[in-house]
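Submitted below is the structure of interest, expressed as structure tokens.
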Amino acid sequence: MSLSLVTLFLLSIMVFLGGQVLPGNVGRAILGPFADQRAVDALNHTLGVDRPLLTQYATWIWNFIRGDMGTSYIFRSPVAPFVIDALGNSMKLAAVAFVLVVPIGILGGVVAALNLNRPLDRIISLGGLSVTVLPEFVTGIILILIFGVWLRWLPISAAWPKNAGFFTQLYYLILPSLPLFLVLFGYIARMARSGMIEALDSDYTRTAVLKGLPWRTVIWRHVLRNALLPTITVIATQTGYLIGGLVVIETLFRYQGIGSLIFTAARGKDFPMLESGILTIGIVYAVATLIADFLYSVLNPRIRLGSDQ
Amino acid sequence: MIKNYRLLDLIRRQRTPLENHLIDGLVDGRVSRREFIRHGSLLGLSLPLLGGITTAAGLGGMPSLARAQGAPGATIRVGSSVPAATIDPVTIADAGGLLIMQQVAEFLCVDGPDLVLKPALAESWKPNDNGTVWTFKLRKGVKFHSGGEMKADDVVASIDRLADPANSSNALSVFTGILQKGATKKVDDYTVEFHLDAPNGNFPYMVSSDNYNAVIIPASYKGDYEKSFDGTGPFKIEKYTAKVGASFVRNEDYWGEKALPERTEFTFFADMQPQILALQGGQIDIINQMPVLAGVALLNDPSVDIISLKSVAHQQLHLRCDSDPFKDPRVRRAIALSLDRDKLVAGLMKGRASAGNDSPFAPAYPSTDTSVPQRKQDIAQAKQLMEAAGAGKGFKVTLTTERYLEIPEYAQLIQNWVKEIGIELELNILDQGAYYGDAVFGKSNWLDSVMGITDYGHRGVPNVYLAAPLKSDGTWNAAHFKNKDYDTLATSYIAALDLEAQKATAGKIQNLLLEETPVIFGYFYDYLTATAKGVAGVQPTAMSQLFLEKASKA
Amino acid sequence: MSAVQTTSPPQDDTRRRSPMAEVFFSLMRSRTFLVGLFIVLFWVACALFGEHFAPYDPLADDIINALAPPSSEHWFGTDQIGRDVFSRVIVGSRDILTVAPLATLLATVAGTALGLLTGYFRGIVDDVVSRILEAFMAIPVVIVALLAIVALGTSKATVIVVIGLSFAPIIARTVRSAVLAERELDYVAAAQLRHESAFHTMFVEILPNVIPPILVETTVRLGYAIFAVATLSFMGFGIQPPSPDWGLSISSNYGMIGGGFWWTVLFDALAIASLVIGVNLVADGVHGALND
């Protein structure tokens, strides 16, 4: 818990420092290179960019804590709606990826375990892990080519038409969620696979089968319990990494999520947007880790029973 | 070709000496009909009158302005770039933003596709004898969307707001040295006078759609434009959502012919690709601005029409005249001679451009002296020049530029061409923001780099290009070019009211710049707009504005 | 002279005697390692000698023939200014194979130093530094890189420093654990009794014994570094045109795939994929061999 706060604090300082060292200045970025210097100076003064660093930082942090994310230098309107909107979009994308990868990953692991060391197992395990290490934009490009350009099954940009319904949005989100899916699939499948192998071997299973419980129930109950824990761990530890992947994927598919928001904000030197965006990501990360910790302790009987580390 | 001398005489009697000189030029064949119409409209002659003169001079009338009208009531959907900042007439500086503003607000006059100035909110205009005072007569009965009639007070307030340094307007770069705050004066409710700092033969362009900030809005405007989107235009705002899109509905109280479309919808795209897909997929009808390279897939698509406007948008390759290795003009000329301009036009721009001749005088400008020979690639001569300048062994230099449109590809082509004359070019391609920096000398890669490429958008007259990037005191003078002769010539061009005087000066400038070559103008590219087949009546401008009042769908 | 039985060597010397030869042979037997090594060496060879067996000059433009699909003249087609894609893919490994290893080297050096310091001194130094490092590790590399590069400008040096410093904490953590274990052993106590300086104890006594985990970590980090460099050049940082670098080529050309110009990106993507997988196979092999 305290670690997350330290991380956030560190993050905010880093971003603040990074923002102040940026080349060029905000007034110039907004008005464009051909505007008169007097105009730029006037604008900078209006935006308060010429106040001392510490003042700017303190003001900003205090406001953020109170829920005011500041005003975008570029859009001259509050940052909060942009960030929240973008965050919502990213959540949608992540949700699609998770909803796909958790069941399919676990299923893959189970299938692999049931076919231990035979070709199917090899394909799933090795294939899964190989794909995990590939950069998201590489898998993204290949997927775009296969499904978007050659087969034409899926749209290649995530910009769905206005007023699109739930299913249309889903249709547009499948392709962008696949690279995320592929990053996680290998890990989850591997966890599920070892959980399954353990389950198949364990006394509990043997006893249950001897007692007459159907295979399916045994596998289901045991595997789920064994596979969920590591899955949660995987997702929790990979969250930071996934967020990075999100930036790349949103850029590749031109998706208006928080990743591309901070990327554009960095390029446009929209300092409040950039800071708020990154801090929001940090908070989401901290919350995700907390939830994962909580779920883990709930589901893991050993911890619940209070055994030592 | 029968000239009706009697009619010409009658017309001449009522014209000023300046206008008569222009008419003489037409009659004697020194001025082409096209140049006459364009310069005549600049001087404030009405189009019907111009048509009458050309007919009397035996050159045929104006092209018929009536065209087959499309069916009214369509909903026109447009794809455009994302407005980069708040929409505000004072500060707007980007293509996406000015497009949205131009849908609802109007200008005193409009710079049309053939560079002819057409009256809009002003009915007519006239210079005084030496071009220091321009008088504009305003149209009567024009209503703002918010109610209230447009009068001189509104014009004075709108222009003053832009000329006031305290308002941080982008338009200051146009008005500096030409029009100050307070120099716009109301004569009566429908007449405005502009008192200029110096004679200026092209002033009306500075308050035309070329100066995209110069829309006329109520004098009572206090800021926060996005709340009202007030203006006089043929469309009214329905809804605007930042970063997403905007929609407009027909203005039933418009002063002119009511718009054909019932509504228009704009969707903002961060990139070209999705726009192209949306056009092909039928989700939008028009792509506002389509760079050649990104839109190459559409150029041969039979379901798409490409509207191509001759524009003078270009990229300036500057070579710093005050720093090694470019101090010697022979080296600069050598580089200019190593470029294969034909390949640039045919290959890089797929034919959608015209070759540049190392001066702002593009072929499209009427005042360009076309007798000046076009520079072509000549490696042998380039090598000789390098030898003569003592640079025969070649040298290394860094080309700094921005990642925008086709500039990175242009830079790589240049890199390969100059290799042949012994120059090893290292590329440093930056984000636009990083390239422009603070946009002042000493704090900007653009203005400080020894060699760089900068993008310049379209302008109806070459005035801005002649001043800021090339004059000794110019604020955009990346080449650090300080030449007294040039300064004098440029000033006299800008002051000249007479087309032939402009042409004569232009010729001198063109030759001087060919000799000195501080900046290489490789090509002037066309402005492309893509529409789905069946969409008609769309009128884009090379400033990335879009006039949709005559648009219709099949 | 009754040494029929060999006395087992004192425990703290075991690791010093790990024969490198044994590791080497075990590596040679590992199929994963060999496949990975082959791929990596192939690309290294291309990076070093690519121009000699590339059919065209990777920089030579032919703008009239731009965007030509694969044919017998251009096996992989041509790009936006008419350059031969096949030649560019071959030579494209050069930048990534320079930047990523240098970044990994920086990470290893910095991380090892930090790990030694925190593991040896423990106490306050360890607490504070470790906290900071952990907090730093929680931030995704891409975001750190984005900030640093936008602030400091884009150049290969910046990319090396950013990636190097981002990966250092991870290596530091591994080294720290190893050092914590080593610390308890007799030879360290012996060194302290001899009044050896802390510096000497850390770098001369302990360091050689923690090399195996460092090695494993380094090879794994190399894979991630390649990943990161490719991603950053795709986002537009670090490597400049006209370099045929794969990430840069993809970023310049992917806008066109909607128009059907797939050859400008597919082969670069496959090249990156093969290199990343190759390095990971090597890392796996090393991991396996050193843990046996």
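Which chain is which? They are A, B and C, in the order written, and residues in each are numbered from 1.
Quick note on the criterion: a contact is a pair of C-beta atoms (placed from the backbone, for glycine too) under 8 Å apart; a residue touches a chain by one contact, two chains touch by 3 or more.
Note that the structure is predicted; figures quoted are calculated from it, not measured.
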| item | value |
| --- | --- |
| Chain pair with the higher count of C-beta pairs in contact (B-C, A-C) | A-C |
| Identity of the chain that, by mean CA position, is farthest from chain A | B |
| Centre-of-Cα separation between chain B and chain A, whole angstrom | 44 |
| Chain A and chain C, separation of their C-alpha mean positions in angstrom | 24 |
| Centre distance in Å when chain B and chain C are each reduced to the mean of their C-alpha atoms | 51 |
| Per-residue overlap in chain B, given as positions that touch at least 2 other chains | 271, 273, 277, 431, 434 |
| Sequence positions of chain A contacting 2 or more other chains | 23, 156-157, 267 |
| Per-residue overlap in chain C, given as positions that touch at least 2 other chains | 153, 258, 260 |
| Complex contact set, residues of chain C against chain A | 131-132, 134-144, 146-148, 150-153, 223, 227, 230-231, 234-235, 247, 250, 254, 257-258, 260, 262, 265-266, 269-270, 272-273, 276-277, 280 |
| Partner chain A, residues of chain B touching it in the complex | 84-86, 88, 91, 93-94, 165-170, 172-173, 176, 226, 242-245, 267, 269-271, 273-274, 277-278, 283, 431, 433-434, 436-440, 444, 446, 468, 475-476 |
| In the complex, chain B residues that touch chain C | 271-273, 276-277, 293-294, 296-298, 343-344, 346-348, 403, 408-409, 411-413, 415-416, 427-431, 434 |
| Touching residues (chain side chain A, partner chain C) in the complex | 3-4, 6-7, 9-11, 14-15, 17-19, 21-23, 130, 133-138, 141-142, 144-145, 148-150, 156-157, 240-241, 243-245, 247-248, 251-252, 262-263, 266-267, 278, 281-282, 285 |
| In the complex, chain A residues that touch chain B | 23-25, 27-40, 42-43, 46, 74-77, 82, 155-157, 159, 161-162, 254, 256, 260, 264, 267-269 |
